[in-house]
Amino acid sequence: MAASARSFRRVLVANRGEIAVRVIRTLRDLGMTSIAVYSEADRAALHVLLADEAYPVGPAAASQSYLDVERLLEAARVSRAEAVHPGYGFLSENAGFAAACESAGLVFIGPPASAIRVMGNKLAARELARQVGAPLVPGSPGPVTSLDQARTEAERIGFPILLKAAAGGGGKGMRVLRDAAGLQAAFDLVRGEAKAAFGDDQVYVERYLEHPRHIEAQVLADTSGHVLFLGERECSVQRRHQKVLEETPSPALPAKVRAELGAAACKVAQAAGYRNAGTVEFIVDEKDRFYFLEMNTRLQVEHPVTEMVTGLDLVAEQIRIARGEPLGFDPQDAMPRGAAVECRVYAEDPRRGFLPATGTVARLRWPLGPGVRVDSGIYRGYTVPVHYDPILAKIVSWGRDREQALARMGRALDETILHGVTTNVGFHRWLVRHPVILAGRYDTRFLEEQFRPDVLEGDSDAERAALVAASLHEWQKSRSVALPRRRDGAAWKWAGIEEPR
Amino acid sequence: MAASARSFRRVLVANRGEIAVRVIRTLRDLGMTSIAVYSEADRAALHVLLADEAYPVGPAAASQSYLDVERLLEAARVSRAEAVHPGYGFLSENAGFAAACESAGLVFIGPPASAIRVMGNKLAARELARQVGAPLVPGSPGPVTSLDQARTEAERIGFPILLKAAAGGGGKGMRVLRDAAGLQAAFDLVRGEAKAAFGDDQVYVERYLEHPRHIEAQVLADTSGHVLFLGERECSVQRRHQKVLEETPSPALPAKVRAELGAAACKVAQAAGYRNAGTVEFIVDEKDRFYFLEMNTRLQVEHPVTEMVTGLDLVAEQIRIARGEPLGFDPQDAMPRGAAVECRVYAEDPRRGFLPATGTVARLRWPLGPGVRVDSGIYRGYTVPVHYDPILAKIVSWGRDREQALARMGRALDETILHGVTTNVGFHRWLVRHPVILAGRYDTRFLEEQFRPDVLEGDSDAERAALVAASLHEWQKSRSVALPRRRDGAAWKWAGIEEPR
Amino acid sequence: MKLWAILGEGERRRELDLEVQVEGGRLFLESGGEKIAADVVALPDGESYSLLVDGRSYEVAIEEGADGLRVTLGGKTFAAQVRSPLEKVLREVRHVAPAEAGWKLLAPMPGLVVAVKVVPGDPVTAGTPILIMEAMKMQNELSAEAAGVVEKVHVGPKQSVEAGQTLVTVGPAK
Amino acid sequence: MKLWAILGEGERRRELDLEVQVEGGRLFLESGGEKIAADVVALPDGESYSLLVDGRSYEVAIEEGADGLRVTLGGKTFAAQVRSPLEKVLREVRHVAPAEAGWKLLAPMPGLVVAVKVVPGDPVTAGTPILIMEAMKMQNELSAEAAGVVEKVHVGPKQSVEAGQTLVTVGPAK
C-alpha cells in the first residue's frame, strides 16, 4: 500500500457508463487527465466523449474488454496512465486486478489487494466480523460443496434460507428457499450463476430474514488506517434483490443503533487493514437489531446520497488517499445536513417483471433546478447496448428534510423525458409518492408486497389528453401534411389550417 | 399586508423563461398548482410545458403581455389563481401591480406595495438609507430635471459621474461621464431609455467610483418584520453594466465588513417596512468601504448561489411569508456551507460586444453531476425569441471551498453543449480560469480591462481536431453518402468504407 | 373528421368513435357526448405536442409502432390506434372492386416540390407515397388517398406550388 | 483524396492543402509534412463526430452555413471551408466547355432507392441532386459529379441496389 501511495496525474478509468462519467468529472475538477477505455460497443458512449483521452480495450463482451486484465493494463501502458480507478462492478472487487495494477507500477485507487481478498470471500469476511464482535446472521460455517451438505446446513439453520455465491454481490447468484423442496434446482442454479458471473462456484447457506431492512455504512479509511463513518444509507427498496431507491439518513433507525452500526462498520474495516472508501452492509430486523452482511470494497452505486448530505466528493477523497495525502476535510465540517434520495434509472420494463430493455434514446430531457443531481451515462441518440448492466443514470435529490427531498424527487421524475427506451422512471414516480415510502416504514419485501404493474396505469385526465394527441397526430397524417411549424421570429406556433369539410 | 397573508394553493407565475421555470419547480415541490402565462411568442416555451396550467396573455411585445396588468389579472381570474409570483424583471418591482393584485383579492408574493414604491424611487430609497445611517455615494439630492441642473450637480459632485434613471435597474438607463463634454447627449439618452423602459424619465446624478466592487446582501423579512441577513453575493463581473458571474461568499470582503454590510442591509429593509425576500445592493471601494446603492424588492437573478450555500429554497420561503407562515428553518441551520458561483448563460456574442443573438437550439446537453445546478428556460429545438431578455439559463456550482466551486464550474462549462444559438458559454470558460478571478481580486472594471475577443481563440490542438472533423465532413459529403452508422446491437460505429483511389 | 380510436391494451382496451375538428390552432374532439377543446401546438423536438386542455398543460410524445401509436405523457405510456373509418372503407372497397373514378392529388398548402416518387403508369393504392413537398421548412410526404393508376404528373422537383394546385392526376385502378 | 482548406477568419485565416484518406474507421490527414491519424465516428446526435487524435477525445459539431462550415469543439468555434480541388476544376470546365463524355452515377453502398429526382432529358450540372438513397437508416442525397443530360434512369423508388450498381446514365452536356 505505502509503496503505491504516490503522486499521479494521469488516471485510467477502468469502467463505463454513468460511473465512468462520474469519476471523469472529479478528475476534471482536480485538473487531472482522465483516460477512458472502451469496448467496441462503446466507441460512442458518453464516458468516451467526456474523457480527455480514450483507448480501445476489445470486443463488446465484457469478458474480453472491461474484465480483461491484460487488455486494461495494455491500455494503461499505451496511455501512460499512472493510476487506475475501477468504478464499481467489473474488476473493482477483484484482488488480482488490484495486485496486477500495483505490479505494473500503477496506483490502484481503492483498498489494498489483501483487504479486497478477505472481503471478497464471504466466509472469510464473516469470520473477520465475528472476531471483532459484529453481529452475524446465522449461516453455514463454510461453503457447502454438495447438495447433501447444503440440505444439512439448511435444516440446522432453519428455513427460510438464502443460498449465496461466496464471490457474489449486486443480487447476482442468490436464491431464497422457504423449504427443502426446490433445494436441488436452486443449488445448481446458484452455482451455475456464480461460476458464470464470478468464475467461482462456491456457495453458502444462511438464514433468510422475513422483513429485513438493508442498511449500509459508508466508511473512509485514511492512509494511516484511521476509519471514519460517514453515515448510513437505507437501501431496502429492491426488486430481484437489486436496489432501486436509496436514501440517507435511514428514515427508521434510532440514533443509538445508527451509532452502534457505524462503530461496528469501522471495526470491521480496521480489522481488514482497510484503506480508501468502502461500504459495510448490514441487515436490520424488525427490532432494529443489525447483522453484518458483507463489505463492498469499492465506491458504491448509491454513494451520491452521502455526498449530497456531507458535501464531500468521495471520489476526490479516494484519490487523495491513493496519493498518500491526508483527507481533504475536517470531519466536523462534513456533518450530514438534510436528507438525500437516489432513484436508479434502469432500462427495464416494470410492467414485465423488470426485464432489461434496450433501444435508442429518441428524446431526452433531464430534470434540472434546485436540489437535483443527475449522474447519467446516456445522451440523446445513444443506443443502450445489450452487453452491460441496464443502469442508465441516477437521479438524486436533496432536501433540508426527507419530505423536501422526496418532493423534489417527485418533481424531478415528473420533469424527466426519456423516450425510445423503456425505463423505470414511471415506476419511480409511483414509488416516491407511495404512502409506505412517504412514512419511511419499509423493508426489502416492500416491492414484492405492494407493486403491481397496474399501479402504473394513467388516470382519466391523462387518457383524455392522450386521446387528443393521438387524434391530432392522425389528423395531421391523414392530411399528409406535418402540423405546420411557423417561425415568426420567435417561438414555433401552429398557424391553424382550416380543415376542409 | 396582513390582509393578504392567507393560505393559497393556486399560484400564477407572472413571468417567463428560466425564472418562471424556477418558480414552477418550487410550486411543484410544495404540491401547489403552478399556473403559467404566455405571450403569443411563448406558446411552446419551457415554462408553459412544465406548468400545471397555462393561459395566454397577449401578443409577443412585453408591453402588451407580461407588462400588461389588466391582461395578467384577467388570466388570474380565468385560472382561479389565488396568488401571483412576479419573478424578476417585468412587473416584479411595480408597486401598482402589487397593489392591483391585492385589490383583485390575489396574494402578491413579494413585499408590500409601499415598500416597493419607496425602494423603486432611487431618491426616496437613498433618503431612507441616509436616515438609518447606511453610507451613501455622494449624489444629487433629487432628480435633475434639466441639463443645466445636471451640469451643476455634476460639477458639485465631481467627475466621473454616473447618470441614472430613478426607476432603473439591471444596467438599463445609466451612463458614465468622465467630463462635461458628452453631458447633453448622455442626459437625453438616459432620459429616453428610462422613459422607454420604465415609463418614467426622472434621472439623477451620482459620483462614479473608479474601481468599485458590487456586493449585495440577501435579506429575508418574515411576517412579523424581523429581517434576516442570508449572506452576501459578489457581483462585480459585469459587461455593459450587467452581471455575468456572481458568487458567494465574496472572495475579498473582511468578516467585519461583511457583518456591518449585513446589518446595514437589515436596517434599510426594516425602515422600509419590508416583508419577503429582498436584496440590498452596495458599492464597495478599494478600502472596503461600502455605500448603499439600491434595494431590489424581488427575487434576484443570482439568488441560487445563496440557496446553494444555505440549503434554503428562497422561493419556498417567499411563499411561506406570503401565506403568513413562520420561516421554514432555524437560522442556525442555514449557516452558509462552502462557496457557490453562478454563470449567466446569455444568447449573445462576446466577440461582437456582447450583442444579443437569437436562433434555434440545435443541440443541447447541460452539465450534470456533483455540485452543479442548472436553471434553464430552453430546450432542444426551442427558438430564442427576439422580444425578451437574452438570458437562457444559469449554471451554478457549489464547492466545499471557492477553489472547488470554480473548478466544478469550469468542468460544467466544458461539458455544456449548446449549438444553434451564439452564447457566452465559451466566454465563461475563459472567465472562470482567469488568474484575476481565481485570485478573487476583481472589481467591476475587470472585463473592460481584461477581456479581448481574441482570448476566445482556440489552441493549435483544437484547431487540428477541427481540421480533421471538417475534412471528414467534406469527405463524407463528396462521397454523397452520410458516414454510415452501423448498429451492431450496441453503440453506433463507423463501418469504414474503403475510399476508391 | 370522423375517427375511430382504440385506447389501451388488454383489459383496459376501449373503442371510441370520435368526431375531430381542427380550427385556428384549436382541436375539438367529441366522443360519446363528451366534448373536449384543446389548444394544440407541435413542438420542434421530435414527434411531440403541447396541449392545453381546459388550461391544463400536457407535453405529449408520440411514437409510431407496428401495432399503432405509443402516446407518452407525464411518464405514462398509452397504446392508441386512431383510424379513419373512411380509410377503412376505402381499403375494403379496394379489395372488392376498383374505384370507379380517378382523383387528383392537390397541394394541401403552399410549398416546394422536393421529389416525385411516381411516374405515369404506376399503380398506387391508398397510402402509396406519391410526392415529397417542403413547406414551412418541413418535408411532408403526400400519399395516395385511394387506389388508381398515375395518369399525369403535373409538377417536378424544385417547383413552387400554391395551396390547392393539382400535383398528380390518378385514373381509376385497372 | 486531395482537399483544400481555409481555416479561421480575418487575421487568423490560413489556407492548407490536405491529403485525406479514410480507411477502416480511421482518418489520415497529411498537410505540409504533418501527419495526423484519427479514429472517427459519427454521433447519432446531429451533425457531430467523436474524434480520437493520438488518444485525445474531441466531440465536434459541424454546422453548414452559407460561408462554409462552423466547427465547434470544447466551446470554441472555428470557421472552416474544405473544398475538393477536383470539384473546383470540374466547375470551371463546366463553364468553359461541355464535358466530352458522359458518366454514370453508381451506388456508393448497398441500400434502397427512396426517390429519383430526375427524368431522362433533364440537364444536370455538378451538384444537381439526382437520387435519394436510404442506407443504414440514413437518407443520402446523391448528386451529379459533372454536367450532362440524363440519358437513362435504371432504378425506381423502393428498389434495392447493390454497391457499384449503375443508377443513372448521364450523357454529355449539350
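We just call them A, B, C and D in the order they show up, numbering each chain from 1.
Note that in this section a contact is a pair of C-beta atoms (placed from the backbone, for glycine too) under 8 Å apart; a residue touches a chain by one contact, two chains touch by 3 or more.
These figures come from a predicted structure and were not determined experimentally.
Visitor: Using direct touches as single steps, what is the fewest number of steps from chain C over to chain D?
Guide: Tracing touching chains, the least step count from chain C to chain D comes to 1.
Visitor: What is the set of chains touching both chain B and chain D?
Guide: Output, common partners of chain B and chain D: A, C.
Visitor: By the contact definition above, name the pair with the higher C-beta contact count: A-C or A-D.
Guide: Contact tally favours A-C.
Visitor: Hey, how far is the Cα centre of chain B from the one of chain C, in Å?
Guide: 45
Visitor: For chain A and chain B, let me know how many angstrom lie between their CA-based centres, rounded off.
Guide: For chain A versus chain B, the centre distance works out to 37 Å.
Visitor: If a residue has to touch 2 or more other chains to count, which residues of chain D qualify?
Guide: 41, 43-46, 56, 59
Visitor: Could you check chain A for residues that touch two or more other chains and list them?
Guide: 43-44, 50, 379-383, 414, 487, 492-493
Visitor: Tell me the shape of the graph of touching chains, choosing from line, ring, star, complete and other.
Guide: Graph shape, chains as nodes and touching pairs as edges: complete.
Visitor: Inside the complex, what are the residues of chain B that reach chain C?
Guide: Contacts found on chain B: 35-36, 43-44, 48-55, 78-79, 360, 379-383.
Visitor: Can you name the residues of chain B that touch chain A in the complex?
Guide: That would be residues 21-22, 25-26, 28-31, 40-45, 50, 60, 304, 307, 311-313, 328-329, 333, 337-338, 358, 365-366, 368-376, 379-383, 385-387, 400, 404, 407-408, 410-411, 414-415, 487-493 of chain B.
Visitor: For the complex, which residues does chain C have touching chain B?
Guide: Interface residues on the chain C side: 39, 41, 43-46, 50, 52, 55-57, 59.
Visitor: Taking the complex as given, what residues does chain D use to touch chain C?
Guide: Answer in residue numbers: 114-119, 129, 132, 156-157.
Visitor: So in the complex, the part of chain B that touches chain D is made up of which residues?
Guide: Spelled out, the residues of chain B in touch with chain D are 362-363, 413-414, 416-417, 419-420, 425-426, 429, 456-458, 461-475, 478-487, 492-499, 501.
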